[in-house]
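Structures incoming, each one as structure tokens.
In what comes next, chain A is part of two complexes: it sits with chain B in the first one and with chain C in the second one.
After this line comes the complex of A and B, so read on.
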């Protein structure tokens, strides 16, 4: 605390040092002084409308809302004086007169701010004997249910939409006690962050629709975990009852997800109980039909098949698999003599891989907010990495010049400083690079000038170049559309050149929750066959981990392979991939493990429920396979041991990249290839019915 | 003396035209100020000397309000005129717009000059179509004559002025709700701080004055602050418009000096209608506390005298009530107004105004109970002072004052399920 600027105030006769600009409620919260509130929320603008936080302030003729009262030197405030308590109690009474007394059937019961504060400030009996207000419910779609009669008009959800989600789709209509919170026209919510309004709602007006009436909050055990669908690695609480996952809510972590999570992270758990779950090992019988078998048979047959193929085996894994799984998978394959291990499922072009370090942000999520200029290339960020998109939005709102080179279908929830809408990323990016060269940059990058010599530069490319050069903290961010592009190597090189010319951080985000971890532990092998080669011409034996047909661009060849083993949590892979053996694998809630997020943080988590049926954690399956194959170094008893070994084996994250000019921009300047739809990124998400039925889940377009 | 300030031109034929206004010295002060480049500080000092107190109801001295503006700060600043005039009982600003619009325009240009604003808006009540049209015509005349726009009178001073017609919400007369409404947002008051002088229209420093206040400015500066002060009282200078309505023979607007005895004002309005006696007066608009008639006859029409009688001068909207009026019925109607007009933003007003109205409705319908009167008073006091804007207070004050002075009539309603007073209206 800077003592030169700090002020001295008294709250409840206790002297406190505070900073100018703070409000009374912030001071109270920081010092453990409890002030009841409904509308105030630290992440939202102040509206001061609920009036629950009224406190007494010396010399003020009226009670003042603590949330909207800035501190002043020498100020004296009392939060529990008779006058303050009287004001708080009267507000409580007003809030309750039109609120239904349906706590016994309300899902919010037990975790309701109104219920809790009413215990302290409500009267035992009601003085209100007139008719109560009834409000028609709204249809917000498949994720959020409404019970608008319970609404206390705090407008947190409204402010969330405007300020955080960046989509003004909820508002208040009507006056007085006819005021209703709703969408302006009847529509379902379209934000990728919409579920957060469930947490923000201080009463039972906005609830999780999939969770509705399925459990009471006090029956749930809350266990910490890490969300496994994008590279933010949001902290979550998985809430469990009787060995079943009932609900997922955010776990506060200011440096990553703050207090939010994406709808994908919140509602993906619904896929855990899908009818497709694999609960028993299976293998093909004599007539080629998949039938259940015991683990011993399945494991022995797997080892036999893989050993037979030996160096001609290969493995494909989900980029959302854990470090432990990916490490043991590559250890197994390498033990068998094969270096064909890949988790870069969406990538087509590997020609530049020698110059590309493992994909990562090269920054922290928090410092993304501090950028002066950001160039987003080939990234549908809101769908790929919703909470990274939120950080970029915060930077934009704080005045950063955010520009975009993307297909027109990519939406932004803030104003871009410059946008180049194109399906052909390469010429556009080359033009930006050329504009920088024209500004006198890039003389140290051999071959760059010649490479971009023919690019057609217009004002927007120049504006982007200028904004990056002008900014002090600058970022070039390439995403999933670059990752999937057939010209990825050239695009990466151009982005790298632009970053070097402007002194920008080059941030690379791909797909999955652990692409960086996979690369670090050798599961994105540059030595053997890569995923594109394995899809085109599969090895004799293929081990698939956590993926199914929809994760691969083609399965035609793999289906014809002699021997396919699928470690899978879901059964779709059987039919589509013609697996010979299926080893039922635990889902993320059923195993311990570690995910390395885009910041490079290794985030470990524990299993919160037992695996379904006979399913087993992936790392355990792989450990047994290694042991059965008589390979050394598989006598690892815990996932922690696996992790410790994986860490020592890690290739340097900062492995040298270095500029090397591509020979040409590519004769065929391909258009952007498909991106995964937001709710189609992995097998679990694809099986969350509620997500599929939601507004974004219904958008089946390629980019969407 | 009367009609020396805002109504000084009303006797002229087509007094709302530029020609009529200029025939009586209109725009001369503006021309003088702009040509002599009179320092704004000097003008503001004269306004302070006049002790012109805000005519919208709060009575805050206009000169002091102007001096809060960071007039030399860079960037856009605004002067906004509040012609929303929604308070039941008031209709004075309407007649300024109808009969003397150019004086308001001149006042706003001078205000813009004083506070460093080059743009102004006049927010006119949604129901005021005729006054709005007339004001628009006056704006057109002024623009055509080079009085508005760029380089006014060749002085190098620019000022644009536009009228904005509201959509009929009472709360938009609250100055920050008014700003939101101009911005195209829902008309809901903002919490303060920040105050408009720092963060007003579109987030820029803004001064908001009532129509009558702004229309008084040209006369004050033409004749001097001392002259205006001498018209009224040391505590409140000038003449003031009073809208007299209710049970009088000649309802209407009367511009009389501050401190004029109520009895004289009543006489100007033709006295209580034939054959009836004065029962009560709501002296400052429907939100101000009611004062019993005999007490009111001793009161002068100025801030201090009315405050001593337990009420407020407000916007000068005098509602006269004779002995035929059922007080619970009047209060029920007033409460209905505030219930309908609460914006719904903050809890005590949103929930409390409906509660008050429903209980009063029940009493009026003959279904009251003995606890209701204390309940009403308590609910009203729980609203008072606890809301974002003054609408909550406006809803609470009539309830508390009616109960204070006429509790017997309410009790009669509860006991007998009918009115103590048989209305003939």
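After this line comes the complex of A and C, so read on.
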């Protein structure tokens, strides 16, 4: 810190150079000096109500809370002086007055801040013999269990709700001995990030309900992984006991998920033990009934069927499948002579695909916070990408003008500068473009003026246009709803034009954890049949990977196809597909792989538990299929080898792009589909019972 | 010269042999230390560490709360516990199921492998509710390898059969803990 503004202070007689505005606890944390604390948290505002971090400061008559004491030049503080220790011990004694001695039955036991700090600062015996208070438990829904008698009123959960989740759901009522943390009006938590209060709670007052009493923290083995439900690619720890996934917790990564994860990533593991997990290959027998068989039979029959169809075969894959799986799938299909392979499941309109590069943020998640203006078009961000929504919210709170062109059902947890609520995105977006043209922009974009000439502009469109032009760092963010729109090509072109006119970054975020990876390795083919065509008029043989009937807009045609092979982890969702062969595939946590997040970073992870039953990782199944079909280049031993090969293949994936005006705005009547509900995005999430029972999980199905 | 003479006398009179036999002879007429087991049994300390048992409260509810401290402290890793919430209001047959997220913390499995156990008594010491205890029982046998693993049901049964003795022993020991 060579900054001229830096101050010199002494903590425990050690001289430290610090920045003005830092607090003592920040300085102590940065320099490895331990100060006990409960209410202070680096991601939340300072409330200084637990008083655990009291330290002695020179010339101050009383002890000062380190979390709320800013540094001053020449300040001298002692964290371990007799006076400081005495103060900390007294605070600890006060905190323990009402805290029950139920560590043996408390799930937090073993990973509890209060337990640890009580070991360090608590007295061996209690002097308190009066009545302890008992607080009635609250019902926070299916994800968070409560034991409010244990609460020490640090208000971390309250501050999280207000500052991070953006929904003030939890608060403190009453005061003194009568203070209670709760929802005031009894309700379950409705935030998509609510699970984070479990990690924040320094005691056992808020616990994971699905995990309740099932294991102890010291029995669990923590293994790193990457969350597979959205394109943020959150870093997570999967905690395993006896070869079974017991829970998922966040792993700190400041540039992606900070210290949070969405509830979807936290509780989706519950689906792993669903009753309909596939553990054995199945084949249709002579009378058309699906019966179990061995791998050899199933694989041979698959290859025979695919080879018979040859170039007339096609494949559909989940956009959350790994790079390795998607790469080998397209390699298999291309080896058979077919280019019909797609993972853009929700998309209907492919007419603009030649002009559209692979969907990505074109920025980093961290820099989203620095934007001055953001226009969100057709993106239910809080449901699609909860942690990207959190970054946009941070930008909005810092003063960015965030505006939205979305259906009315899409809600935001901050104030928008301008909102256009519409079910028809095209006219609204055209109006914004026209407003920009009126402001003297877009003369270099051929045909734009004519294209948007008939758009009806009102003040809100003008306000959006003005905010984008005024902003220095600007972002136009288009999401999954645009991709589900029947007029996607025009919408994309308009968003692109708006971005170019305002000098904004065009950020594209679609569904799935690996849509970008799929596009890069050629699993979103622009050549053969695309998803919409395959659903309407399937090829002779269809290979489905990681998807089930609910992922497709219609199954009527596919079920009538001669030959359908499904690589799937769960069986129930396949009933509507009339699959002829089902190959059990390893689910999340059971396979190694790589996911490319919206920033374009390739994040590899290892399998942490063995696949259930006879299920095998998807890339191994595809490798054997390739070998049995006598195709070249399938002798790959590890997923790392597959990844290395996939990476070299992406270099040729050309960056399309450039402006070319669509011939017309198309039909104004195309209404946008809101897409999957937050907890219905993929087969695993759909099987997580706790998520389905939660407040957001009850919002089922598509809101058309 | 004298040394050699002394040695010769010692050798030819068998002096050391008779000295040794005198010890044997003395013990022959003293009170016996050995017991006629199994007719007679040795006295036991209240802290005797024999076969394990799980205790219940007076109302019949099992004491164990599945805190797993005994499992953690066991140096021989002889204890295996699995836990789940138990809904006290639900019917008995689904009472222990994981389906309910409400209820008390209870074990669904509590196994001790007696082949691994070294009878150190740490489990008893770690237990916050005096649920797992070591009884005075030291006479038991197994007829199969599986037999060495005693389950929760067996442990509770041992506890039920010996509750009076266990409670008395713990009461005596209580003031020293």
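Note that in this section the second predicted complex is superposed on the first by the 691 of 704 C-alpha atoms of A that agree within 3 Å, B and C clash if a C-alpha of one lies under 4 Å from a C-alpha of the other, contacts with A are read in each partner's own complex, and residues count from 1 in each chain.
Here, contacts are C-beta pairs under 8 Å (C-beta built on N, C-alpha and C of every residue); 3 or more make two chains touch, one makes a residue touch a chain.
Quantities reported herein were computed from a predicted structural model and do not represent experimental measurements.
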Legend entry - Overlay on chain A: chain C relative to chain B, clash or fit: fit
Inset, instruction - Could you say whether A:210 touches chain B, chain C, both of them, or neither, answering first, second, both or neither? - result: second
Inset, instruction - Mind working out whether A:218 is in touch with chain B, chain C, both or neither, as first, second, both or neither? - result: second
Legend entry - First (chain B), second (chain C), both or neither touched by A:145: second
Inset, instruction - May I ask for the angle at the C-alpha centre of chain A between those of chain B and chain C, rounded to a multiple of 10 degrees? - result: 80
Legend entry - If touched residues of chain A are counted for chain B and for chain C, the larger one: B
Legend entry - First (chain B), second (chain C), both or neither touched by A:678: neither
Inset, instruction - Identify the partner contact of A:105: answer first if only chain B is touched, second if only chain C is, both if each is, neither if none is. - result: second
Inset, instruction - Could you tell me if A:158 is touching chain B, chain C, both of them or neither one (first, second, both, neither)? - result: neither
Inset, instruction - Report, in whole Å, the shortest distance between any C-alpha atom of chain B and any C-alpha atom of chain C after the two complexes are superposed. - result: 23
Inset, instruction - Touching chain B in one complex and chain C in the other: list those residues of chain A. - result: none
Legend entry - chain B - residues contacting chain A, complex: 169, 171, 186, 191, 193, 339-355, 358-359, 362, 375, 382, 385-388
Legend entry - Contact set on chain A toward chain C in their complex: 103-105, 109, 142, 145, 209-210, 212-216, 218-219
Legend entry - Interfacial residue positions of chain C with respect to chain A in the complex: 65-69, 72, 83-85, 98, 101, 104-106, 128-129
Inset, instruction - Under the touch definition given earlier, write down the residues of chain A that touch chain B in their complex. - result: 46-52, 54, 61-63, 65, 68, 70, 87, 90-91, 93-95, 97-98, 127-128, 130-131, 152-153, 171-172, 174-179
